[in-house]
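Have a look at this one before I ask anything.
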C-alpha cells in the first residue's frame, strides 16, 4: 500500500465521517424544527375547524372549512337566524377577545414603552459615558446592581401604590416606568464605550452645538444599531408582558392581547374549541409575522446581546 | 497647542449635564421601583386578611420561613411557601439542564466549520421563534392541545395511534404537569440560549482551534479543552440570568391549567406572591405574606446578583491593575533608558 | 299594575325612612357621594335628567324619582356578559330602557372565581360602575365593605319590595349591619338532568317518576350507578363530574364551611368517603373538570347519564343545551337530594351615577312580577319571585324544548321554596370550596383523611384568619 493510497483512504474516511456527522446534525435540526413548528401548525389547523368537528375528532391534521364561522364567532357577526347558544357564545368571545382593540392596546403600550425605553436609556448611557462627574461611578454601579431585581419582588407594593394613586386601569403605570430600564442602559453603556468616539462630542462643542443637541443629532444616529436591537426586544417584551398588565388593567376596554388570551382560557361557559384556537392563533399572529420579516436582524441582535458580557 | 475655543470648553464644567442626563432614569426608577419596593417591605410587616391594618413585626417572616406565627395555620403557610420554593427550584432545574445541554450542542454544531449544514439560517430562525411568542398564548396553546382527556389533540392522537391505552394527565398529573412546564420552558428558551452561546463560541480566537487541529486534537477534545473553558463567563452569565428568570417564573405555571383554578402542583414563588396578593378585597388577601415572600426572593436575588457582580467587577479590576502595573513598568523602563521627556 | 303602585308606594315611604337613617348613621361616604353627583349632574346634564325624571314620574309618582341619570351609560360589572344577555333582551323587549341610556356590561375576569379576585381593583379604580354582579360564594366580601357597595335604599329599594322574593335571597343580600345591599333575580334551585335515551337503554326507565325512584336517595343513586356501569360496560357514568356531585351533596346538608373562625370538614369528609367509592368503582370520572370541554363532551358523546344543574343552566343557550341538550333527549328530576347552587346578586356601587336606570333595572329583575315572569319564560332561569313562578307553573305556560316539553319550574318550585343558605354561607366559601375540590381531585388516590389534611393545609395557608 503506497503512501498516497493510505492518505487517500484516510481522507475518504474523514469525509465519510463528516458527512455522517452532518447528516445526524441535520436530522436533529429537522426534528427540533418540527417540535417548534408543529404546535403552531396544529394550532392554525384547529382554528379552521368548528367546535363540533373538534368534539367529534380532536386530532385534526389538515385544514378545515370553518375558519369563517370561527371568525364570525369572535367578531360577534353571527347570522341573525343563529341559535341562542351560538349568539351567546359569539357575544362572550367577542367581548373578551376584542381582537382589534387588543392589538391596538398592546400596540400603544408596546410602542410607547419602546420609544421611551430606547430614548431614555440612550440618554442615561450617554450621560454616564460622556460626562465625568462625581456620582457617575456610583450611579453606574447602582444601575448594574438593580439590573437583575425581578418585577415580582416589588409588584405587591407597585400595585398597592398605583392603586392609591388612582392609576389602576390606566396605561401610565405600564408605560412610564419604561424610562428606567437598567439592563438596556447597561447594554448601551457597553456599546458606547466600545464604539462611540468621545472626541466627536468635543468637536461638536467647538462647533457651538448645545449638549442636548449633540446628543440628538450626533450620538443618537451613531447609536442606531444598538437602539434598534433594544427596540425590538423592548417591543416584544412589552407586547408579551402578562404579569404587570394583568395586575393593572381590569377594565375590558384596556385589555391587551395577553390579558384577552388568559380570559378566553378562563371561560367556563359557552366553550367553543374552534374559537379558542382562533383566539390563540390571532394572539400570536402579528408578532410571528413581524418576527419572520425581521428574523435575520433579530437573530443578529440576540447574538450581540450575548457578546455584551 | 490648544486653541482658545478648546481652552474655553475645557474650562466649563460639564458635570451638571451628566446629572441632567441621568436624572430622568433615577426619578422614574425611584418612583416606580424603589418606592414600591419599600412599600412591599412595609407590607411585609403588616397583617393579613382581617388583620391587614395591624403592624405585626416579623410575624410574616417567621410564619412563612419557620412556621410559627399568629395565624393558626402558620405551619400550613410555611409548608405552602416551601412547596412553592421547591417547585420553583425543580421547574427551573428541569428546564435549565436540558436547555443548556441542547443549546450548547447546537451551538457547537452550528459553529463547526467542518460540518456542512444546509439551511443553517432557517434552523436558527425557527428555533428562536418560540421565544418571541407571548407566554400567555403559549400556555393557552399547550392547554388546548395537551388536555387530560381524549377530547384533546395530543391524547386523542396518541390513543388513535395505539401508543397509550388511557389518556395521559398532562395537566393534572403531578409529575407529568411539571415535565410539561419544563418542556415548555425549554421550548421557549433553548433558541435564545443557543444563539447567545454561538456568539460566545464565535468570539473565541479561531487560531486556537486551528492550532488544536494541527496538534491532532479531535472535536471532543477541542470542545472540552478549548470551547468549554473559554465559554465559562458567558455560561455563568446564562446561568445567573436563567436562575433569576427562574425565580420569576409565572406565566406558564400560572396559566397552565384546565378548569377554574391555577394548578397547585405548579405553584412557584411568583405564583405564591400573586395568589396571596390577588385575592380580591384587602379582607381576603394576604398582603403580609405576599410582601414577606417578595422580600425573601429579593434577598435571594441580591445574593445571586452580587455573586456575578463581584465576579465581573473583580475581573475588570484585576485587568486594570495589571494594565496599570504594566504601564508603570514601561514607564520605569523608559525612565531608566532616560529617553522620556515631559 | 295595582301591585306595582303598591310596591312603589312602599318604596317611597321606606326610601324616606332609610335616607333619614343614613343621615343619622353618619355614614359620610354614602351620604356625601350622592350629593356630589347630583351637583355634578345639574351642571352637566340637567336637561337630560329633567326629561328622565319627568318620564319616570308620570308612571311612578314617588320620591325615588328624584333619582337621575348623570351618565348615559348603565354599567353592570360582571364576568361574562352572555349570562346577563337574557336580562338585557327582556329589558329592551319590555320597553323599559330609558331613551338615551345604553346598557353596558363590563367583564371582569373570565369566570366567577376570577371575578371575585378582580372586582376589588376594578371597583376602586374610579372607572364607571353602577351595578355589579356577585355570586353567593363570595358576595359577603363585597357587601360588607362600604367602599364597594351601597345600600339599595339609595335607589329607593327596600326589603318591603321583596315580599314575593325567596327569603334566602334577601337574607344573603343583607350585610352584617342589617342593611339591604344586594338583590337577586334568581332562586338557584337545582335538579338532576338526565339523558332519557340512555336511561331507557341501560336502566329500562320510561319516565321521570321511575327515574326519580331510582335515584331517590344516595344509596339508591349508588345502586343505580352500579347498574348503569354494568349495563354499559363502564362506558356511561351516572354523573359527569365530582364537582356536580359535591354541589348536590353539600348544599343539601346546609352545613357551614366556617363556624366562627373554625373550618368545618365533617361534610367534606363524608363526601370524600362517598366519592372515593364512586371513583374506585368507576361511577364517575375524576379527571373531568366542571366547566371544561371535557364536561361538555361527556354529555355530547353520551358518556354521562346526567348532570347536576342549577336553574340557570336550563334555558335555551345555556349549559344544558351546550352539553348535548340538542343531541339527546333530556329530562329533569330532583335527584337524590333537593339542592341549590349558587345564584347571583345585583349589588349597587357607591359610585353609581346612573341611579334612575340602576333603580329601574334592579327593580325590574328582582322585584317586578311582570318583568320577572317574562324573564323566567324567556331565559328558563328560575326567577326570584314566588308569585310569578307560581303563576307560570299554574298556567302551564312554560315548556322547555330541551327537556322534551317538561316544565322545569314545576320540578324546581318546591326546591326553591326550601332553599336555606343564609345561615351557612361565609365569605370564605368560594375559596374553601375550590380548595377542597382541588385537593380532592389532585389526591383522589389517597385515603380520605389525607385528602382532608391536604385540604385543611391549603385552606389555612390561604386564610390566616381561620383555624382548624
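Order as written gives the chain letters A, B and C; numbering starts at 1 within each chain.
Note that contacts are C-beta pairs under 8 Å (C-beta built on N, C-alpha and C of every residue); 3 or more make two chains touch, one makes a residue touch a chain.
Since we're looking at a predicted model, the values are computed, not measured.
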item: Central chain (distance from its CA mean to the mean of all protein CA atoms); value: A
item: Label of the chain whose CA centroid is most distant from the centroid of chain B; value: C
item: Which of B-C and A-B has more C-beta pairs touching across its chains; value: A-B
item: Approximate Å spacing (C-alpha centroids) for the pair chain A, chain C; value: 41
item: Cα-centroid distance, chain B relative to chain C, in whole angstrom; value: 44
item: Centre distance in Å when chain A and chain B are each reduced to the mean of their C-alpha atoms; value: 16
item: Per-residue multi-chain contacts in chain C, two or more chains; value: 111, 118, 290-293, 297
item: Shared-contact residues (touching 2 or more other chains) in chain A; value: 55, 159, 247, 262, 264-266, 268, 273
item: Two or more partner chains touched - positions in chain B; value: 151-152, 260, 278
item: Residues of chain B defined as touching chain C within the complex; value: 47-51, 63, 70-74, 76-77, 79-80, 147-149, 151-152, 167, 169, 172, 174, 258-261, 264-265, 275-276, 278-284, 286, 289
item: Touching residues on chain B, where the partner in the complex is chain A; value: 3, 5-6, 9, 14-22, 24-26, 28-29, 32-33, 35-43, 106, 109, 114-119, 121-130, 132-137, 139-145, 150-153, 155-157, 160, 187, 191-192, 195-200, 202-203, 233-234, 237, 240-241, 244, 247-248, 250-251, 255, 260, 269-270, 273-274, 277-278, 287, 290-291, 294-295, 297-298, 301-302, 304-306, 308-309
item: List of chain A residues in touch with chain C within their complex; value: 55, 83-85, 87-89, 91-92, 95-96, 159, 163, 166, 168-169, 247, 250-252, 262-271, 273
item: Interfacial residue positions of chain C with respect to chain A in the complex; value: 80-83, 85, 105-112, 114, 118, 121-122, 124-127, 290-293, 296-297, 300-301, 316-319, 321-322
item: Residue numbers on chain A that touch chain B, as the complex places them; value: 18-19, 21-22, 25-26, 28-29, 32-33, 35-37, 39-40, 42-43, 46, 55, 57-60, 120-121, 123-124, 126-128, 130-136, 139, 143-161, 173, 176-177, 179-180, 182, 185, 202, 205-206, 211, 215, 236, 239-240, 242-243, 247, 257-259, 261-262, 264-266, 268, 273, 276-277, 279-280, 283-284, 287-288, 291-292, 295-296, 298-299, 302-307, 309
